[in-house]
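Chain naming follows the written order as A, B, C and D, and within any one chain the residues start at number 1.
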Amino acid sequence: MPTILGQNQYGKAENRVVKITRDGATHHIKDLNVSVALSGDMDEVHYSGSNANVLPTDTTKNTVYAFAKEYGIESAEQFGIHLARHFVTSQEPIHRARIRIEEYAWERIESSDANSKFIGADEVKHSFVRKGQETRLTQITYDGEKWEVISGLKDLVVMNSTNSEFWGYVKDKYTTLQEAYDRILATQVSGRWRFNWTDDEQKMPNWEKSYEQTKKHMLQAFAETYSLSLQQTLYQMGARIINNRSEIDEVRFSLPNKHHFLVDLEPFGLKNDNEVYFAADRPYGLIEATILRDGCEAKIPMDLTNL
Amino acid sequence: MPTILGQNQYGKAENRVVKITRDGATHHIKDLNVSVALSGDMDEVHYSGSNANVLPTDTTKNTVYAFAKEYGIESAEQFGIHLARHFVTSQEPIHRARIRIEEYAWERIESSDANSKFIGADEVKHSFVRKGQETRLTQITYDGEKWEVISGLKDLVVMNSTNSEFWGYVKDKYTTLQEAYDRILATQVSGRWRFNWTDDEQKMPNWEKSYEQTKKHMLQAFAETYSLSLQQTLYQMGARIINNRSEIDEVRFSLPNKHHFLVDLEPFGLKNDNEVYFAADRPYGLIEATILRDGCEAKIPMDLTNL
Amino acid sequence: MPTILGQNQYGKAENRVVKITRDGATHHIKDLNVSVALSGDMDEVHYSGSNANVLPTDTTKNTVYAFAKEYGIESAEQFGIHLARHFVTSQEPIHRARIRIEEYAWERIESSDANSKFIGADEVKHSFVRKGQETRLTQITYDGEKWEVISGLKDLVVMNSTNSEFWGYVKDKYTTLQEAYDRILATQVSGRWRFNWTDDEQKMPNWEKSYEQTKKHMLQAFAETYSLSLQQTLYQMGARIINNRSEIDEVRFSLPNKHHFLVDLEPFGLKNDNEVYFAADRPYGLIEATILRDGCEAKIPMDLTNL
Amino acid sequence: MPTILGQNQYGKAENRVVKITRDGATHHIKDLNVSVALSGDMDEVHYSGSNANVLPTDTTKNTVYAFAKEYGIESAEQFGIHLARHFVTSQEPIHRARIRIEEYAWERIESSDANSKFIGADEVKHSFVRKGQETRLTQITYDGEKWEVISGLKDLVVMNSTNSEFWGYVKDKYTTLQEAYDRILATQVSGRWRFNWTDDEQKMPNWEKSYEQTKKHMLQAFAETYSLSLQQTLYQMGARIINNRSEIDEVRFSLPNKHHFLVDLEPFGLKNDNEVYFAADRPYGLIEATILRDGCEAKIPMDLTNL
């Protein structure tokens, strides 16, 4: 046979699981999209179609729902760890499991004063509105010995309406861009960060607190950096995370420069004093980089942040 | 000629305008997507291609940006009113203008304590994160005499994790559904409400406050209704708005029933006590209705809420 | 009660049904997305939550699948007619049914010569690739007496790379557009056409042939019209349909002007002789109109083509 | 500084360029979406914001449009090679260029007989309809010495309505799936293939013919494989390409198993003899694998096919 099989994986993708936890009349919600990818002794299913080593993708789906009951969903990361461990340790042919999870945040709907008296304040703690801002992400990989946890987020849109410049760049024969000394800087953050927790012997991070703090530091670095380039802002966002969160060794961002072009109002006898902008769709600058804790090795794939 | 021209309109759609207002170091942002549709004496451009009555769509785009400077953007509704009035009153062949606007909300990024001391708290009031929840909508129509203002929202996802039942329905030979006495009720709200302001002589509503209050009443009605059907919840949402907001005479909702199916865990020896749900995509129930102030005429088109 | 219920409808939306018909080893495929909307005596379910008149949306879903077996899917229109008739005639509280259908076209994968010898040409007539061009649409409405059938399509992208001009338009103080004497004209067609078949006593059109011919005439009119405005092209597309298809009385189009801007290459010492274009996303001109057979009444809603 | 910069790249993404070539009255069209990513001596722009080594992303955009004029667009691959070579050889700080291109196919609109006589058949060769099936892809990477060309496609939806089974798999405590001996097999192909052309000294492949033949072999292998698992079909698709196209050494597929579930019609007294299916959205099986020419090294990143 002149062809051979290379890297391969399979599983059920995008299992939408919602877990409601009832604490008396107060309900809590976890809303996840879970994708399972398994690898191992899978040559025969590719070469001959024998499924003798294949746990069906349908079974991996069932496992997601069963584990939501058996273990609850403390955090996306912890849930993914339960799943990855199960597949690798319970199935001899499976040597590696990768669990990807998207999490959607919800917040409570506040009750009206008039009605809360009638219904009783305690009784309306089961109503939620989807927050709708960023999507939280995690990817758990386990090979039976070591863990790799890469968390992050996507679709977080941020803007500084000033404190951004762009000048002093290379000019070649195709350069027509005018230098800018006060521009809008806006981007839609896609970011991933890798934890240095890799072993069951280590103390596990507090995944919920880590996410909340990492997002906060990232946003503050974006807001507080006086920017001469989006690359500089990106680097500050990553460095701020690594300097403040000891559990994280590596950060990668993919930041589209969502251009806001100052509209030329002079033909209409008007002066546009950094007031009116056209928000463009395509094309957009795309700035991507990894920031590492000094001495650490880069492991987040270049293409992961684009997913 | 055996064919004739019927209703027609034209204009530039989806003009993305961002307006920054500087109040010292504190910036304010309005982020709109504006679509213009004009009607009038337009037979010839269809029959012969003569553009003698046609104000170019490119000009309608320019007008959007120029007006953002000339009038500012106090609210989406007020901005649409300026535009609609302009097209109808300045161009003889144009008899009717319809302005549709989407608005995206932003909130401020809070500064870190450490850095705010260094930078000065006042200097970081130009950083924003897109709220990302619902999209606010308005549609302004003007024919030179009367105004019609229909505002609303889309993509607001809400859920009650209990206090919803569904039983006592018709059963025919194709009915297999089991009755439910405690189910999740979730929907993605698409709603529109029509104002009774139609004339320049009337006092204009406070558009910003009206939107905020209407959304609040709608959410509270959703949360506080013990639901025997999504139709009942929908009606309560509309009635609550009309009973609380005297400026609104008509409400229409298009509410997909975003099914959350209780997963059968019995094959795995587990009991699912209203805890673990599968969030389905398609198909979905779709419940649509108009709620009117008694004595008022319905004018919101059936298909508008689907847009 | 100061509020009352207006127009309302409900049903299961987006039922994805695929029907395989086996003609020996040759398979045929119909791939539909069917949405049901029912109206009638539905006050109580809104006012009190009583479901006594409500056939569950789940049942309407079941009916779609059962009818695919019972009646087959001869055409989207015929299938919708079976469904609409059933709901109105079998359920006393239901007075009106509207069935919306999207249809996705497939074409056969041709077998390789070498393999067809081995497998036998007849045995590989079950392989398909989705055509992926336009989505075919129909909407069937039945009130127990009269039928309304509105068919159409969406997402058909067409372009003329010449034979389009735009000049002689109105110029106001916000006009900056340069006149064009040779431009690209491109649009993404959303069209609907209404049949004059309204009664079971009339001879029913051949729905499959009608669609194929209507699309052909529309495309040819687009290609063959020397265009002075997109409005003129739109009118020709509609008139060509009405003049050639006696079963159709009304056509409505929503045509975004997908701008292709000639790129200014002069800064690089290059002449752009109508060769290199930037295909823009937003904003876009949006041209919408109805074309009627003379003497007929317009019934296609303005907002339908936007859906 | 406790943090350091890792892999980074930047450029303008999604430049939509349309090139019209006029061969007398017959026009030809190339429609591309081009993304540029450049790497090199870029530490300072990240650390200090100095743009001294930064060719603006705006310039990379201009270069795309200028090159469409200067070189034409013979094929997406050839166009990407011109661009990558230019950036690496003309800018000292740039050491590596990666060009990603999406290509949209168009086909001609046939003229009507009646009109072609009037207009003249030759004069209506400028009208096109977008084919709308798959999107063709390529990625060109150049470091000044070696080339890497990975082409492919996405969004090609295929289906076999029989000749697919799935049984003999592992059963654990979470397995409920029934074995299937005649099922629909459908997928939406995302595929990439790597060429063994890496050096300017080698004879360059015929990119257009290679794409057409590769797609044909892939489709035929899908159609002609009697499938015991989607993994087996995937492997056959890759092996068929490598065995027939000597210019390709590696193929990677990401194939979602687009489940078509046989609808249970027994509650309605109907037998579903592999006729009526529910086409599900989520979750879906996801099967991914690399197929290599024996002796070759795998280089297509695991995550690339998901993009």
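The definition used in the following text is that contacts are C-beta pairs under 8 Å (C-beta built on N, C-alpha and C of every residue); 3 or more make two chains touch, one makes a residue touch a chain.
Labels paired with UniProt names: A, B, C, D = Uricase.
Since the model is a prediction, treat every value here as computed from it, not as a measurement.
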Item checked: Comparison of A-C and A-D by number of C-beta pairs in contact, larger one -> A-D
Next item on the list: Taking all residue numbers used at the chain C/chain D interface, answer same if over half belong to both copies and different if under half do.
Entry: same
Next item on the list: Could you give the separation in Å between the centres of chain A and chain C, each centre being the mean of its C-alpha atoms?
Entry: 37
Note to self: Centroid of chain C to centroid of chain D, CA atoms only: how many Å?
What the structure shows: 28
Checklist line | Centroid spacing, where centroids are CA-atom means, of chain A and chain D in whole angstrom | finding: 25
Check: What parts of chain B, by residue number, touch at least two of the other chains?
Finding: 16, 62, 66, 174, 176, 267-268, 281-282
Checklist line | Parts of chain D lying in touch with chain C, wherever the complex brings them together | finding: 15-22, 27, 29, 31, 62, 65-66, 68-70, 106, 109-112, 115, 119, 124, 126-134, 155-163, 184, 216-217, 219-220, 222-224, 260, 263, 265, 267-268, 270, 272, 274-281
Next item on the list: Quick one: which bits of chain D touch chain B in the complex? Just the residue numbers, please.
Entry: 173-174, 176, 267-268, 281-282
Notebook entry, point to check: Along chain D, where are the residues that touch chain A in the complex?
Noted result: 1-16, 35, 37, 42, 45-59, 61-63, 66, 90-91, 93, 166-172, 174-177, 227-229, 231-232, 234-235, 238-239, 242-243, 250, 252, 256-257, 282-294, 298, 301-304, 306-307
